[in-house]
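Have a look at these structures, which come just after this line.
Next, two complexes with subunit A in common: one pairs it with subunit B, the other with subunit C.
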Partner chain A sequence: MSKFIIRRALGLIPLLFGIVIISFVLMKAAPGGPAQQFQRNPRVTQTQIDEWLKRWCLSADASPAAAVKEFAGWFGIYNCNTESIFSEKGGLNFLPSSLGGGGNGIIHGDFGYSIDAGRPVLEMITERMPATLMLTSIALILWVSIAILLGVVAAIKRYSFFDQAVTFFSYVFYSLPIFWLGLMMIFLFAVTLRILPPQGIVTPRAWPPFNTDVYWAAFGRNPIGAIIDIGRHLILPVTVLVLANVAGDSRFVRASMLDALNQDFVRTARAKGLPNRTVVMKHAFRNAMLPVVTNVALEIPFLFSGAIVTETIFSWTGMGLLFIDGVGARDYFLLMGILLITSAIIVIFNLVADVVYAVVDPRIRYD
Partner chain B sequence: MAETMRPAETTELGVGPLVPPQLPLAGEEDFEIQLESLNQWQLAWRRFKRHRLALIGSVAFGLIVLIAIVAPILWPYDVTDIPGAKTYGGDAPGLAPLSRLFGTDFGGRSVLQQVLVGARISVEVGVFTMLIAASLGVAVGSIAGYFGGMIDGFLMRFVDLLLAIPFLFVILVAARFFGGGDVVTLILIFGLLSWPGLARLVRAMFLSLREMDFVQAARAVGVSDLRIAFRHILPNALGPIVVSATLIMANAIVLEAFVSFLNFGIRATDVSWGNALSNSQGYLLNGNWWWPFFPGMAIAISVISVNFMGDGLRDALDPRARE
Partner chain C sequence: MTLTVERATNVGPPAADVLLDVRDLRTYFHVMDGLVKAVDGVSFTIKRGETLGIVGESGCGKSVTSLSIMRLLDIPPGEIASGEIWLDGQDLLTLSPEEMREVRGNDVAMIFQEPMTSLNPVFTVGDQITEAVVQHTRMSKKEAWNKAIESLRLVGISNPERRVKQYPHELSGGMRQRVMIAMALSCDPKLLIADEPTTALDVTIQAQILELIRKIQDETDSALMLITHDLGVVAEMVEDVAVMYAGRIVERGTVEDVLVRPKHPYTEGLLTSIPSKGMRGSRLNVIKGTVPNPFNMPKGCNFAPRCPYRFEPCGAYDPRIEDAHPPDVACWLYTPAPGQTSAPRQSGPERQAGPMTTGAPT
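For the complex of A and B:
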């Protein structure tokens, strides 16, 4: 087992390196380029620009050698201040700082500065993370539970009216464009009925912007009011996410449950005269949940990457909206940082899904 | 072979009782038997017809394609021509009342017209993205699956890599940086990024099919690699490929709408369903529901019909699904 995990983890390294190269090439190939983008921001002074350009080995030089240097600097192998692969301390630059390495590059956790905001990318991402995690984790828990419930009942009552209704609505909600669904729900509940807020995480004017120091101070003074306020803002985006995702997952659970119900051991259990409830819940259900658990593990990266579509519609200032704003502003460092972090999370959770599957299913052997 | 002559099948075909066939001996005349033989496509069509939702879906999508083709003929006016304005009603007295059927937007432009003309871009994006992605996916997947070894390892690592990067993120970045509002560029971006999943599927099909006896037999009589791959293996993998292709098509239609909705897609001056939604977003809070509602319904209907079509094709093209 541990051998299997180690082998798979080692396999991740070339994959992660490939992701790093692809995101760099994507940004490098884009017209304009970071140096030009920096100049467009009026809030940034020329000395700051020069300092940044120097730090990231950015130059107007378009030669392949300059691009390689830029990549190596961004990755952290090359030190742009000493202009060599050695850091200021004299050690190889890719080593951790404590071992005499440098501090630049993504392998040292330095994702650079946002061109638009002029702040470290990592700081911006961690600041937005709580809002996204709050939205996505509530939605994920809800849609997985609902999907399991619907899928299992639909499988037990196969071809019944309930099963066909679930199938039909799954198709409809699976096909509806989620952003349009969001717009229509805003219109219905916020504009026409006026019972829910249309956008945002907190009510503007009544509360300071979410996840700022001022906000947490206000939260401390009136926690119940704050939670109610956020809760009201959560209802619409969570509903949209649940409706959009419960469809696919409930089909998955139904298929898995049907598969389990047709197994020989279920027939044996029935032949032994066990009550239907025991057969379904103990024999079939537990086996049907094996692939579902893996599927949920594969959905976890979504918690961090954020729901781009939903966050855009509901102006939910999380990771997804940060990314969209970054795309709009052509904020290279920010985009590269988000792409890298979310890809890494996806790759890691693919491994976790494999491991979880091996743990919950004793039949699987890895050697 | 024997399976195709089972009595059950012949009665299903509406043919009379089966005369027990005499085994043809070498050199003798073929036995005579009245059997209507159906080729693979006719069988598939029979199964497809039984799937009612799939039929409805195909008819609906056919209509949308038709609208996309004839919309400029039906409606030969520029989208900036405003219903009620002199140039408009004067030219087309028949269409002037119709143009207000779905209401008008803030500039007085007809929403119905935007829905009809917008079908063009959605159909274009859906169909051509699907064609590009399907050809790439089939090519890469079959090469990897048929030859195996180093080529397979290299191609599949590349596919893993593309699948590890969040698809929507890359689409948005690429559309923003390289798109420039052009339909062709957008189709290329979608097509060039949508194939890895399909390639993996095709490879898996090839891996299992190439070990089958009929492939061994073809190889033994000296059929070329290319012919084995395309004439012997590929037709057997067609069902999953077609289903996956319809999913890519449905996905591309939604993607275009979303990317245009965010103003990273089709030029704002062109008419597309996504652009109509994008323009309407700021006016929703005023209560102008009809403006986003109808283009959104158009997207939903096209996607649902494509999905139903794919579902029917899955059943129809599975050679083992015989009832």
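For the complex of A and C:
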């Protein structure tokens, strides 16, 4: 097993490398660039723009050679101060600093600076991560539990009124656009009924911005008030995420449970005279959960990448919103940082899914 | 003679030596295209410690009969439309689901056709045997575990202390079927139902498993209902046999009577379709035609479209085994049809030294 994990983990490195290259190419292929913001400003001259780009190690021309240099600079092979693959110290740039290499690029642990905000990318990501994790993990736990409950009951009471109702609402929520659902919820609960806040993580005038030092100081003075305030802000976005995702997942659980209930070993269990509950909850359920476990493990990266649409609608300043803002500003270094971290999490959880599967299903052995 | 033939009117529980008494069982399925009468008036008895084989082509209702006895059919689409199933003095069809659970695995145990899929892949063999024992006895988990090891030893699994901790996928097909048998025997059932227990296995393993079932039946004195489509297996394994065709029993009797002097043309057809050693390589004499469409049963005798002896009454009147004297065959060749004074035949044609003597199962 540990051999398998090591082998797979080593395989992840070229995979990640491939993902970041493709992301970079796609990003560069999109029209516009970070210098776009100066285009309609008559007081900024072309020379100033070129100078600005050079400070960011970006090139004005869109040639493939220039793109390769930019990527190599972000990666840490190329050094744009010396304009070569050698560092200021004269060694090959990708080597560790202590061996004469440079200090730039992610192979040296440097995610660079956000072009738009001018702050370290890693700092911006760690600042936004808690808001996203809070929203998405609560939503994921809720929707997975609800989906399992609904799916299993619907499968056991197949074709009953309950099953038909679950099916009906699943299709409704599955096909509703999330942004429309979100806006309707804001309209109903925040604008019309005025019982919940329409957007944000905390009430702006009562609390400092979330996850700042002043916020945590205020949190320490009144933790219960802080939690209640965040809780009220969580209700609508969590509800939207749960409604949208329970739909598909409960179908998945139902199908998986039905499949398990139709297996020969369920008939064997009944033939042994076991009570119905044991047959369903032990024999069928355990088998039905095998594919569900994989499915959930594959949903976990979402916890970190954030829910772009939901965060945008509810102005939830998390990872999803950070990414969208980055796209708008063509903030290459910020985007690459986010993409690298989220794709690393995705591939790691693919591996985790495989390992978990091997743990719950004795038939699978990795060696 | 008129059409009104008195039927055996059994009322109340059967005699004490009768373990299983199935009376006029009718099991139907309500499907999209209509009603499938999978079992359409089947009656038979098995005495304590005795053995009955049920043979017939695929789809004739053998499995549905056994699943009806176990009450393991999905209802709906299934429905036990009528009948009585007396087991050890009680009519199973009148039991509550809880009472029926006490019977399953305890009084009647079943071995299924598919050893590869009949065991749960995510629990160990020991877990799955123990579960049944704990359910039906007062044994503790620990005692039941030892009982599981004991049953595995009994069915000829070597090193049972190790096997008991293994998962089904670690065992071969034959081994898994032994586990199924061990599981079935763990609660000392009065009746063992084996539904084609060897069909999915290699030929060499088949003989071993059948040998095991017979040995265990001998030793434990439980009754055996063996379902198969292999008459060779019947000849080797059981004393009595019932031949099923399209949801009904068309002939029954001792193995000697039925296999040596088959009365029903269908039984005769089944017998001549068995390859004998001398005939190997030559064409099989299979019964011409196919099983009738359940939504469009022939008028009169169900077997008429395929029967070489078909004559006038066959297309008009439906022969029932209950109408025969003695009730051992459902065919107008042996029972005077309505409007006839006598039947063409009295006994079945004697078969020459046939494949049955060549040491089946082949």
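The definition used in the following text is that the second predicted complex is superposed on the first by the 297 of 367 C-alpha atoms of A that agree within 3 Å, B and C clash if a C-alpha of one lies under 4 Å from a C-alpha of the other, contacts with A are read in each partner's own complex, and residues count from 1 in each chain.
Definition applied: contacts are C-beta pairs under 8 Å (C-beta built on N, C-alpha and C of every residue); 3 or more make two chains touch, one makes a residue touch a chain.
Since the structure is predicted, the reported quantities are computational estimates derived from the model, not experimental observations.
Participant: Aligned on subunit A, subunit B and subunit C: do they clash or fit?
Facilitator: Once both complexes are aligned on subunit A, subunit B and subunit C fit side by side.
Participant: What angle, in steps of 10 degrees, lies at subunit A between subunit B and subunit C when each chain is taken as its C-alpha centre?
Facilitator: 60
Participant: Look at the residues of subunit A and decide whether subunit B or subunit C touches more of them.
Facilitator: Between subunit B and subunit C, the winner on subunit A residue contacts is B.
Participant: Output check: A:M184 vs subunit B and subunit C. Expected answer is one of first, second, both, neither. What do you get?
Facilitator: first
Participant: Identify the partner contact of A:I324: answer first if only subunit B is touched, second if only subunit C is, both if each is, neither if none is.
Facilitator: After superposing on A, A:I324 lies in contact with subunit B but is clear of subunit C.
Participant: One more residue to check, A:V172. First (subunit B), second (subunit C), both or neither?
Facilitator: First partner only, subunit B.
Participant: For A:I338, is the partner it touches subunit B (first), subunit C (second), both, or none of the two (neither)?
Facilitator: first
Participant: Using the superposition on chain A described above, determine whether A:N287 touches subunit B (first), subunit C (second), both, or neither.
Facilitator: second
Participant: Could you look at A:A65 and tell me whether it touches subunit B, subunit C, both or neither (first, second, both, neither)?
Facilitator: neither
Participant: Of the partners subunit B and subunit C, which touch A:V309 in the superposed model: first, second, both, neither?
Facilitator: In the superposition, A:V309 touches subunit B alone.
Participant: Rounded to the nearest angstrom, what is the minimum C-alpha distance from subunit B to subunit C in the superposition?
Facilitator: 6
Participant: Which part of subunit A faces subunit C closely enough to touch in the complex?
Facilitator: Listed in rising order, the residues of subunit A that touch subunit C are 263-265, 267-276, 278, 283, 286-287, 290, 360-363.
Participant: Which part of subunit B faces subunit A closely enough to touch in the complex?
Facilitator: 157, 160-161, 164-166, 168-170, 172-174, 176-178, 250, 254, 257-258, 261-264, 277, 280-281, 284-285, 287, 289, 292-293, 296, 299-300, 303-304, 307-308, 311
Participant: Touching subunit A in the complex: which residues of subunit C?
Facilitator: These residues of subunit C touch subunit A: 70, 72, 97, 101-106, 109-110, 112, 114, 117-123, 131-132, 135-136, 167, 169, 180, 183.
Participant: Flag every residue of subunit A that touches subunit B in the complex, lowest number first.
Facilitator: Contact set of subunit A toward subunit B: 14-15, 18-19, 22-23, 26-27, 29-31, 171-172, 174-177, 179-180, 183-184, 186-187, 190-192, 198, 301, 305, 308-309, 312, 323-324, 327-328, 330, 335, 338-339, 342-343, 346-347, 350.
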